[in-house]
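Each of the next two complexes has subunit A plus one more chain, namely subunit B in the first and subunit C in the second.
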Partner chain A sequence: MQNSGIEVLFEGSNFERLLGGLLVTIEISFVSIVIGTVLGIVMGLLRTLNVKPLQALLRLYLEAFRIIPILVWLYVVHFSFTPLLNIDISGETTSILVFSLWGAAEIGDIVRGALQSMPKHQEESGAALGLSRGQLYRYILIPQAIRRMVPGAINLATRMIKTTSLVVLIGVIEVVKIGQQIIELGVIKAPTASFWVYGFIFILYFAVCFPLSRISRRVERRWQN
Partner chain B sequence: MRKGMKWAVSFMAAGLLLAGLTACGNSDNKDNSAGSASSKFASIEQLKKDGKVRIGVFADKPPFGYVDADGKNQGFDVYIAKRFAKDLLGDESKAEFVLVDAASRVAYLESNKVDIIMANFTVTDERKEKVDFANPYMKLSFGIVSPDSAPVTSIDQLKEKGQKLIVAKGTTAETYFTKEYPDIELLKFDQYTEIFAALKDGRGAAIANDNTELIAWAKSNPGFTVSIPAFGGQDTIAPAVAKGNTELLNWINTELETIGKEQFIHQAYNDTLNEVYGEGYTDELVVEGGKVE
Partner chain C sequence: MINTGELLLEVEGLQKSFGERLVLSGIDLQVVKGEVTVILGPSGCGKSTLLRCLNGLEPVQGGRISYHGQDLAGPQVNWREVRQRIGMVFQNYELFSHMTVLDNILLGPLKVQKREPKEARQQAEQLLGRVGLLDRKDAYPRQLSGGQKQRIAIVRALCMNPEIMLFDEVTASLDPEMVREVLDVILGLAEQGMTMIIVTHEMGFAKSVGDRIVFMDQGSICEIAEPQQFFTQPATERAQHFLDIFQY
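What follows is the complex of A and B.
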């Protein structure tokens, strides 16, 4: 019997399960991106202020997320911190927590970088016009900084979406794990299933990440001048 | 330069702080379990009140624990786990299956995120220090599977240069080879899916794992044979609970005796393992009533 393996995608409720897994992936990454962006903007603004202890603290926070792998964060938070504090949260909540904090750290750095890259004369011209510090940020610096933030932020968003494949290790069943379940079940009947399942997962990730790249390009072009 | 040093020092300090925190956490946990066990684990009464028992099972290890095409948990471990839930809480649907990975089984029990692990958990001395095992329901040895074109018929063959042995991280096979054959080069993967893919791609000469797993896989993958069916002594597979959870442990042991009288594990074998291993292996694999003869 010729069995190409592609049928495995449509067996039982496999197709819906894969899409359901994708939904988990999307949920974790998008909620985290939104929370991370809000916190990150606040953090970026704080980091442009010249307060030494605050600077050190925020820098430490950023480096902690940059240096320690996200996998380690997930593991430590899920299996050590939360049980230690006697909180029982689901793997999904842990994932959103860790990804949000990671997002906040990285977005904070992107915001800081964008603000500090503004030519000094922008700030000085604004001050010469008699704008207060708040007005300076609101009307001159932030609108221009946002334009510079877009590529970095979109890059981070796509990275986060792809990194959700790690959450399986704390028991969250997302799209890649469901794919592996289907492959393992199919091993007996269709040994080539892995090609089709991973191929399909590739298309799913592409379908989520590609629009983000397009939006990024469009936004950049629109704000060019 | 000096500024760089300063940063490096503060990060190290932060790292130590973090390590200290987690270390404290662990000792705190131990104190808790020693002092007031009842507050840490749900008592059987509590499980009955909640109407659910959380059981950690595999999701990608047929025929022991897997998810079928309709998204339902199936397999040998799951079959027995369902019976536990039925006898404990009156209904097998009250088992809440938590899907675990080989490497995180101990962590799930230690952090009290499951009540019982029924994920083909091999009993070892190292694991006994961290979790409490009930009596076994299955026994097995290690096996080695290799391609027919280049069969590995003795372990010494693997000592030759360039002969990589594939294992899954966190399994007893990994520990065994690291300890007994440190000169064999190991190729390690996190997921079971990956070790079989690696053998098919020719990234290693053979896979070492529990023999059951390999007999089943080789049977459905022509071109591969279990070239060494059994070595490394006999191991048993048992349900595990969190360290100190004696109430649940005792219940499981009594339950295994009770269902042993009706040869329930044989029935589980017939319904879940027969088509994979064939009838010939029943007595080699099944442990009835929690007692190994």
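What follows is the complex of A and C.
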């Protein structure tokens, strides 16, 4: 059989290395989503309180992440802040930091939106049945808020996973970087190596993000009111 | 049968304001067990607010509400306990949108009243059967018509075995062809002797269901009369004016 170039994926430990790279990608996204969700819930709750200066501040925070590209955030934190403050943190930690802060901003907005769009009469009709404050939250408000939040949160998670491809630019060895390394070595033997490697990475991203977006769609359809 | 029998609910000099604005200025009303009171009045006169005060959804600024002789206007009232005995159905469909019909109905009986699931479920199904919706017990609110939702909201309130039911314009946001099915349920309750306070804009219904009509205007009660009397010869000019608008 003619050398098609696909063997490059299975040469040595290439396959494991690529999966390992994907793991770094998933790890950064996952940790960031968890931290971002916790911080975001707090921020979302804070944003529903009517404290003007706090509102403005949190709004500004959200806009900062919406307006300034994540790549710039990564550069600023990695190449400016950490040397300036004379602390030594890895590219991966920097990435988690930036992604967590971004996640907090977006989750905060999702939580705020879910809480503020809750129809008042749902709460009142629960109260009219004699439910206590705690029961209202437990049986009505929180389940409904979660239903409103989940699609947005999953959407954010897929965006984050995709955006982690930027962290290669601050020196994190994740799946795309490993792909590049494999191509550099393999290209002499097989000129089509880049096709196979990037094709494989394409499939990896798809395999991670597609189920998420399917779940989100199903959940949305099931919960739509 | 005006004001004979056991006094269930007594309102005296009830005052309610939103900020500076006095919305209820001294309401006096007595409800006797088994009596159907229909409240009529122009939009904004305070009918909904009055009902909401009766089960503690709005804090009041003055006056007295007593229920079975128990004072309800104080700060240390156990509203949770009172609300179990006062059923309320609102104008907007307010079924819990994330729960099935049966779960909607059982939430109160199981979580608030801590009743035996099997027995509560039996009652829920029996009530659903009575309003002709037993086959919809596993549906979600979004799968139901407005009229169906309102009938289920009534069942949900009934399943708590309340002593009195408050209805706030329960047909106001329904398509005309669904009004009937909901009003029929309420008429059925009246026949069984349920004590009710009903706010409505359906004059024909008011006439046939009410033991008496309470006419409100601008935050106070202008007139209390038997339906026959009220619709033919209202005692006040304001009531006459109100009726004229409906009978053009």
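In this text, the second predicted complex is superposed on the first by the 194 of 225 C-alpha atoms of A that agree within 3 Å, B and C clash if a C-alpha of one lies under 4 Å from a C-alpha of the other, contacts with A are read in each partner's own complex, and residues count from 1 in each chain.
Basically, a contact is a pair of C-beta atoms (placed from the backbone, for glycine too) under 8 Å apart; a residue touches a chain by one contact, two chains touch by 3 or more.
The model shown is predicted, which means the values in this text are computed figures rather than measured ones.
A.B. asks: Taking the superposition on A as described, I'd like to know which of subunit B and subunit C A:Ser13 touches: first, second, both or neither.
C.D. replies: first
A.B. asks: For A:Trp223, using the defined touch cut-off, is the partner it touches subunit B, subunit C, both, or neither? Pick first, second, both or neither.
C.D. replies: The answer is second: A:Trp223 touches subunit C but not subunit B.
A.B. asks: Using the superposition on chain A as set up above, list the residues of subunit A that contact both subunit B and subunit C.
C.D. replies: Touching subunit B in the first complex and subunit C in the second, no residue of subunit A appears in both lists.
A.B. asks: Residues of subunit A touching subunit C in their complex?
C.D. replies: 121-122, 124-132, 135, 139-140, 143-144, 147, 223-225
A.B. asks: If we count contacts the way the header does, which residues on subunit B are in touch with subunit A in the complex?
C.D. replies: Going through subunit B, the ones touching subunit A are 7, 10-11, 14, 22, 25-26, 28-29, 59-62, 66-71, 98-101, 103-104, 107-108, 110-113, 190-193, 196-197, 217, 220-221, 276.
A.B. asks: Please name which positions on subunit C make contact with subunit A in the complex.
C.D. replies: 55, 57, 79-81, 83-84, 88, 90, 92, 94-98, 107-108, 111-113, 141-142, 153, 156-157, 160
A.B. asks: Quick one: which bits of subunit A touch subunit B in the complex? Just the residue numbers, please.
C.D. replies: On the subunit A side, the touching residues are 11-14, 17, 56, 59-60, 63-64, 67, 75-76, 78-84, 88, 168-171, 173, 177-178, 180-185, 187-188, 191, 194.
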